[in-house]
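Below you'll find the structures, each written out as structure tokens.
Next, two complexes with subunit A in common: one pairs it with subunit B, the other with subunit C.
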Partner chain A sequence: MKKITILLITIISTSYPQDGMAIAKMVDERKAPQDIVSKTTMLLTNSKGKTRTSTILSKSINNSSKQILWFLNPADDKGVAFLKIEHVDKADEMRMWLPAFKKVRRISSSKKGDSFMGSDLSYEDMTSRALDENNYKRLENDMIDGKECFVLEVVPNAEIKSTYSKHITWVEKETLIAIKEESYDLGGSLRKKKKFFFDSISGYDVINEIFVEDIQKNHTTKLTMDDIKVDSDIDESLFQEKNLKRLPRN
Partner chain B sequence: MINTKFKNWAIHQSIHHPKRTLTSALIITLIMGFGLQHFVIEDDMMKMIPKSVKTRVVWEEVKDEFGNTDLIFVAFGTEGKNLFQNKAMSDLWNFTKALEALPEVEEIRSLTNLDRMENEDGFLLIDDLVSTKNLSLEEIADIKDYLIRNPELKKQVISQNDDFFNIVVIPNGNTSEQASVVKIVATAEKLLSGYDLHFGGPPYLVGIVSNLVRADALFLVRIGLVMMVIILLASLRSVAGVFMVLSVIILSLIGMMGSMGWIRGLTGSDRFVFSIMNTSMPIILMTIANSDSVHFLTKFFKKLRITGDKEKAIEQSIDSLMLPIFLTSLTTAAAFLSLIFAPLEYMTGYGVSIAIGISWAWILSTTLLPSLIMLKDWPLNSRSIRKPGLLERIVDKFGSKIIKFPRSILIGGLLLVAVGIYGIRLVTTEVNMFSFFEKGNKIRDSLEFLDEKMLGAMDLEFLIKGDMKDPELLQQISQLQDYVEKNPSVSITISIADIIKRMHRTVMDDDPDYETVPDDRAKVNNLYTMYSMSGDPDDLTALVDYEYSKALVTAILKNVSTKSSVLFVNDIEHFVDQNFTQYKDITATGQLVVLRDMVELVIKSSVISICVSIVVITFIAAIFFKQLGWGIFAVIPLSAAVILNFGFMGILKIDLNHVTALLSSVIIGVGVDFAIHYISQYRRLARAKVPVATRSNRVIDEVGYPIILDALSNMAFGALLLSEFVPLQHMGGLMVFAMFSTSFGTLTILSSLLELTGRRKKVMKKLLGEQ
Partner chain C sequence: MGYRYILLILTCKILFGQLSITGSLKPTGMFRISDQSRMDLPFRLAELKLGYTMGDFDFMLNSAVEYRWGENNPVFDLREAYIVWFPNWGEIKFGKQIHAWGVADGNNPTDNLNAYDYYFMFLPGTDRKLGSLSAAMTIYWGDWQLEGVIIPDHIPNRMPFNEPDFPFQISEPSKSDATDKTLPYEKIENPIEYGLRLKTTVGETDVGISYFNGKDRSFSLLGVDTFNIIKIDPKIGYRETSVFGLNVVTFIDDITIRAEAGYFTTENNYQESWFQYYDTKAEYVQYVIQFEYRTVSSSTIGAQLIGNHVLNAVGQTVDLLTMDQTTLNTDNFIPGLGTPFAMIAEQSLSISGSETFFDESLELNYNLLINLEEKGQMVGINAAYSLIENWSIDGSVSYFKGDDKPENSFEQLEDFSHFQFQLAYSF
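Coming up: the complex of A and B.
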């Protein structure tokens, strides 16, 4: 089945050259798991080579539009938990459990450019990109690590007030997965370089590593996902405030 | 032997190949002058401090860990006019954005980019306080209300009367302060033309002073040259002679400045940058180069008057002056080279560069000058050659008086020195740049405005090492801030403890009782994690390091005198010793501590350069005159002049600082010439068995006039009185005084001493090596 899909894409892409939006749609409609569970290790490295490492248990559904995180490491952070629920028509909900205070705090970051957990990924980077909020222009194809890629220039619409002026995204033709992206700040200077690595799990191509480099701050983030499980029937009721307080056993 | 060979070579070159000598001198000067392309003008007090001094080590560490901590303060507004209105807020927005866009700027802190941290219905909100350029009246009122509820924040961004905005600019550490200041000032003047503008802060001073130094140095050189030309014309009465002296001076200046540029370019050393201290360098070299030339030219006129033959006059002038001019140049260069031992880093560049200039001036005086003289026809009936001038005649008469009353003159001189010793005890040290500008100066007015209306423009930092998640340490940091803030000069202190306290209050439903450091480490950690989830982690990078093992506490304060800064910093260090029992690794740095450290360094630099130069000159003179006694005689008038100089500084309340600290070297370097010329001539006559009764008279007859003429033409030092900088004005006045004290010291104390010694035949024979 997979082979047929690849063959079709290859035939379509060579016989009927698609525009940027068509490719973006294909990427958007790519088959994705209902839910993902992983143990994520986040390694932050600053310009002086100093590092911070955290291990987080993550559970998400609907392409991460609902996500719950529990900090496992370092010991100081153990028990801190975070819940994010994206909304289409209103601001995203974010709640945090502070075990030392025994309090759940709702937090806000209306600043899309703010860093997510001190990493080089901003809230904007973490949020799914809606097709109608961006303009997609197809650039010349390119080869990345021996893989043939579509190259898209993604320009956010003015009304969404993005913190970026544009992104250049390399989409692997074979899998329709974005494997590399460069994001430019509002001044037009290169701000971030991102690389995505995938693994095939239960028939899905699931991200198992993300590497982000903030060129301007000379800071990097490496997210490594281990123990990945997909479609494990996570109940939507998990994504509630009360569940932040209890660190799950698995 | 070497002296004779070089002497004969110089005579031969000057008389037989004057054009070739002139061309060679010009080419070599041109090559030296090419070094000007590497010339750097900068004035950073921190860079004067040796790299091994703890304040500088910590400052470098702070910069490396927390980024640039040097702040430029910009205030704008109109006296009495409330700025909480749309136009002013919009202007602030535009100005902030324009500054942020400058590559010379790393970060801006102004009202329009402050964060609002609030707890609204259990909802932790960290957001922009000012979210847009065009604000409604309600939004402006809301911003004002937030600032009123957070007075510590408010005073960082707006004056107490709400009539001046305060903008803190952190310049990009990779760009020169000069470039940053020029761009920031230009941006402010372009966008804020309807407001009163004020600037301050260490990088601003560094940048603005660097620009002023350039203008001041050029201005002073021009004035100095004009003064020198007038004095020389009046004394030498020969336009050609003055032109020749000026040629030597200008070529020496190019050689010195070019060499400084070459050394800086080749080594990259910060010791060879041109700072406010160096502003006096051109004037000093001008006077030294002038000295050599004046001695040579007056000797030439005298010999020409006697022989009537130009070649013979040149030959005899080189013959009699080669050694003394070499010796005076060597001793002067040695006095300036003694600055290498001074702990203030810029002094090394000063000493070495001026020593190169002096050496080049010596070579030009003994080769180029005779060649220029050779190339000109000298009519023997001209007034300058035919008869001595007025000054020469006065000095001749003065000589006979000294011989009559040597004891009285010596006692009189010693009494003056005693007054000087008393005055030294009154000398105070003031190195604050604030005091370098006179009242009414635009820069000083700005700094005073920032002190009165805003937070001030001085900084004090503490680098604290320890576990920044430990509540006990955070509590101690908070206590340290409270203690520092007790000083009336301190406007505000900022630390990670403040953020933790604010977050604690916010998490605890905005209850003011919780504006404290939590007592539990886990709570502190939760707050850090919460900030990383909801705010920009970059906000904390200026306060705590990546591993939470180092923190920076910054205090902004109003201008304080050096004396107060010494007391204040020492007091805080005492407090730290007493109260920080578990975590002891706390070091103060920043501008205030630099002032404290500079005091010690300035005094050390002065003492070291005086001692080293006196010892070196004593030995050089002793070697050349082959008796230690002559070396001691050479430094006696200098020592007296140095004592008098510092004594007068104390009595006249002239501060010792890194600029006036150079005075001792300059006095010794320039003043030693007089003594060397005098001793050289005295020895020559004593060896020629000129009777004691007429010897001193003959010495004064020969060298008295050139010494006084030399001292008078050195009145070009007076040009420094017109400097923009107060210490340079002081230096100018003191140097004029020093020229009097060293020249008269030579013609009174030294001549009286030699007169008295000459009467003791045995001692004199020993000194002449005849026993």
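Coming up: the complex of A and C.
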């Protein structure tokens, strides 16, 4: 079945050259799990090579439109938890549980450029990109690591107040997975280079590693996802403030 | 057989539970700016937090060792020990614990469930609070949260009595030589305190209301008894105070606003037949409005407007300068409950921020507190440098400047201006 799909995509892509939006739509419609659970190791490396490692338990549903994270390590972050709920009709909701303060702190979702826990990922990087919030322009195809890729220029619409002026995204033709991206700041300078690595789990292509390099800060973040579980029937009620206060048993 | 089965189940449960241990070691030195002399105030040398999760239950333990340079007498402090049950509708907590209400950072007029530890007033979060035996229940229902807390016994603020290194010299009432009585405070007949709060989300705004009924955390002079013309017996105790609170968190573009206000009503209701009974009643309002902004470089700048306004005060009291009985009014009334920083200034402005340097190895925090009513400022700068993972060196300076009037709170704090060094290890 997968081979037929790939063949069809290849035929379509060679016979009827798609515009950027069509490719973005195909990427968006790619088969994705209902929910994902993973234990993520976040390795931050600064310009002097100094590293900091965090371990995070992550649970998400609906293509990460609802996500809850619990910090397991290091010691001074242990117990800190983060909840993100994306809304269509209003601003996204973000809350953090800070055990030292015993308070759930609501944080602004408008500052999308803020770094997530000192990493090179901003809250905007962690938010799903809605199709109609961006304009897509197809660029010349390219080869990355021997894989033929569609190349898209993604320009966020002004109304979403993105912290980026554009992204250049490399989408692997065979799998329709974004494997590389460059993001440019509002001044048009290259800000971040991102690489995405995937693994096939239960018939889905699931990200198992993300490498982000902040070119301007000379700082990198490597996220490695282990113990990945998909479609484990996560109850939507998990994504509530009360569940931030407690590390889940599973 | 039944007991063995229960024991087996319990053993399995304990074995398959999750144990979490965190803690820190923080040797700290504090020195006066004026003459670089060491300030011998206690600090928390070590902290240990244990969490044990078993099914829907969490067992939490929070302990510390207090140490004071110059005295080889470490003091163990079991700060919290409580159990939490997490049913799917909310949570129930029971034991010695610290509750945290309010939405602003550091100054919370609506957070009156636990007493303050005045030795640790400059620590963040719950570190400056005292645990109390209490039961709390929170119910979550959609966007709504309802929390109720019952505290069976009254715990007052821990005051630094007879501490030469503390800025405000407070004599312990029991040490008064005016009476033979050893009991410093009048007994509270009904010490039960309780609080309720309701929180919801309306659009992009979180709104909460709260109510607390309890006793003051700081003592007041309630009256005077006399046995003869020489022996005067001052009556010290805690007024009954109720607080209606309002909390709001909202966003305007890139600015986060956290605001809270408390309306306090207090009265002396000891109903004793002392020689002089100070029938005190007062109303006051405390508020904090906090603005937060994060810059493009991810540094944070915040401002807090902190206010304390006595709306009405009637009764009698004693003029602390002349020791004569006088009429209580809005100028000489001293609140016994609320955020301590609102009590040292009628209205003040706090500006704070943080910035990181050297690839986030060095974190700089600064704070400027300005008394808007009379002359007085506090400048605080803290720098924390992360040596290696879990280790950091922390240095801070707190500088107070008042005017030359002795009654000015910041003037009294001037000699408390200090710098502090700390080596911290977290595990």
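What we mean here is this: the second predicted complex is superposed on the first by the 249 of 250 C-alpha atoms of A that agree within 3 Å, B and C clash if a C-alpha of one lies under 4 Å from a C-alpha of the other, contacts with A are read in each partner's own complex, and residues count from 1 in each chain.
To be clear about the criterion, a residue touches a chain if its C-beta (ideal position, glycine included) is under 8 Å from a C-beta of that chain, and two chains touch if they have at least 3 such contacts.
Quick caveat: nothing in here was measured; it's all calculated off a predicted structure.
Trainee: Could you check whether subunit B and subunit C clash or fit when both are placed on subunit A?
Mentor: Taken together on subunit A, subunit C would clash with subunit B, as the superposition shows.
Trainee: Which partner chains sit in contact with A:M96 here, subunit B, subunit C, both or neither? Use first/second/both/neither.
Mentor: first
Trainee: Which partner does A:T53 reach: the first (subunit B), the second (subunit C), both, or neither?
Mentor: A:T53 contacts subunit C only, not subunit B.
Trainee: State whether A:W70 touches subunit B only (first), subunit C only (second), both chains, or neither.
Mentor: neither
Trainee: After superposition on the shared chain, which partner residues are touched by A:L247: those of subunit B (first), subunit C (second), both, or neither?
Mentor: In the superposed model, A:L247 contacts subunit C only, not subunit B.
Trainee: Identify the partner contact of A:F239: answer first if only subunit B is touched, second if only subunit C is, both if each is, neither if none is.
Mentor: A:F239 contacts neither subunit B nor subunit C.
Trainee: Quick check on the superposed pair: does A:W170 touch subunit B, subunit C, both, or neither? Answer first, second, both or neither.
Mentor: neither
Trainee: More subunit A residues touched by subunit B or by subunit C?
Mentor: C
Trainee: With both complexes overlaid on chain A, does A:F82 touch subunit B (first), subunit C (second), both or neither?
Mentor: Touch partner of A:F82: subunit B, not subunit C.
Trainee: Scan A:M117 for contacts with subunit B and subunit C and give back first, second, both or neither.
Mentor: A:M117: touches subunit B, not subunit C.
Trainee: Could you tell me which of 405-413, 513-521 or 585-593 in subunit B overlaps subunit C after superposing the two complexes on chain A?
Mentor: That would be 513-521, the only stretch with clashing C-alpha atoms.
Trainee: Quick check on my understanding: which residues of subunit A belong to both its subunit B contact set and its subunit C contact set?
Mentor: Touching subunit B in the first complex and subunit C in the second, residues 46, 48, 50, 52, 76, 98, 100-101, 103, 106-111, 114-115, 118, 217 of subunit A appear in both lists.
Trainee: Under the touch definition given earlier, write down the residues of subunit C that touch subunit A in their complex.
Mentor: Subunit C residues touching subunit A: 18, 20, 22-24, 51, 53, 58, 86, 88, 90-91, 98-100, 103, 124-127, 138, 140, 145, 201, 203-204, 206, 249, 251, 253-254, 256, 292, 294, 296, 298, 359-361, 389-390, 426-427.
Trainee: Which of the residues in subunit B end up touching subunit A in this complex?
Mentor: 64-65, 101, 122-128, 469, 507-508, 518, 520-523, 525-527, 529-530, 532-538, 545-547
Trainee: Looking at the complex, which residues from subunit A come into contact with subunit C?
Mentor: 46-48, 50, 52-53, 74-76, 78-79, 90-91, 93, 98, 100-103, 106-111, 113-115, 118, 217, 219, 237, 240-242, 245-247, 249
Trainee: Spell out the part of subunit A that touches subunit B in their complex, as residue ranges.
Mentor: Going through subunit A, the ones touching subunit B are 46, 48, 50, 52, 71, 76-77, 80, 82, 94, 96, 98-101, 103, 105-111, 114-118, 187, 217.
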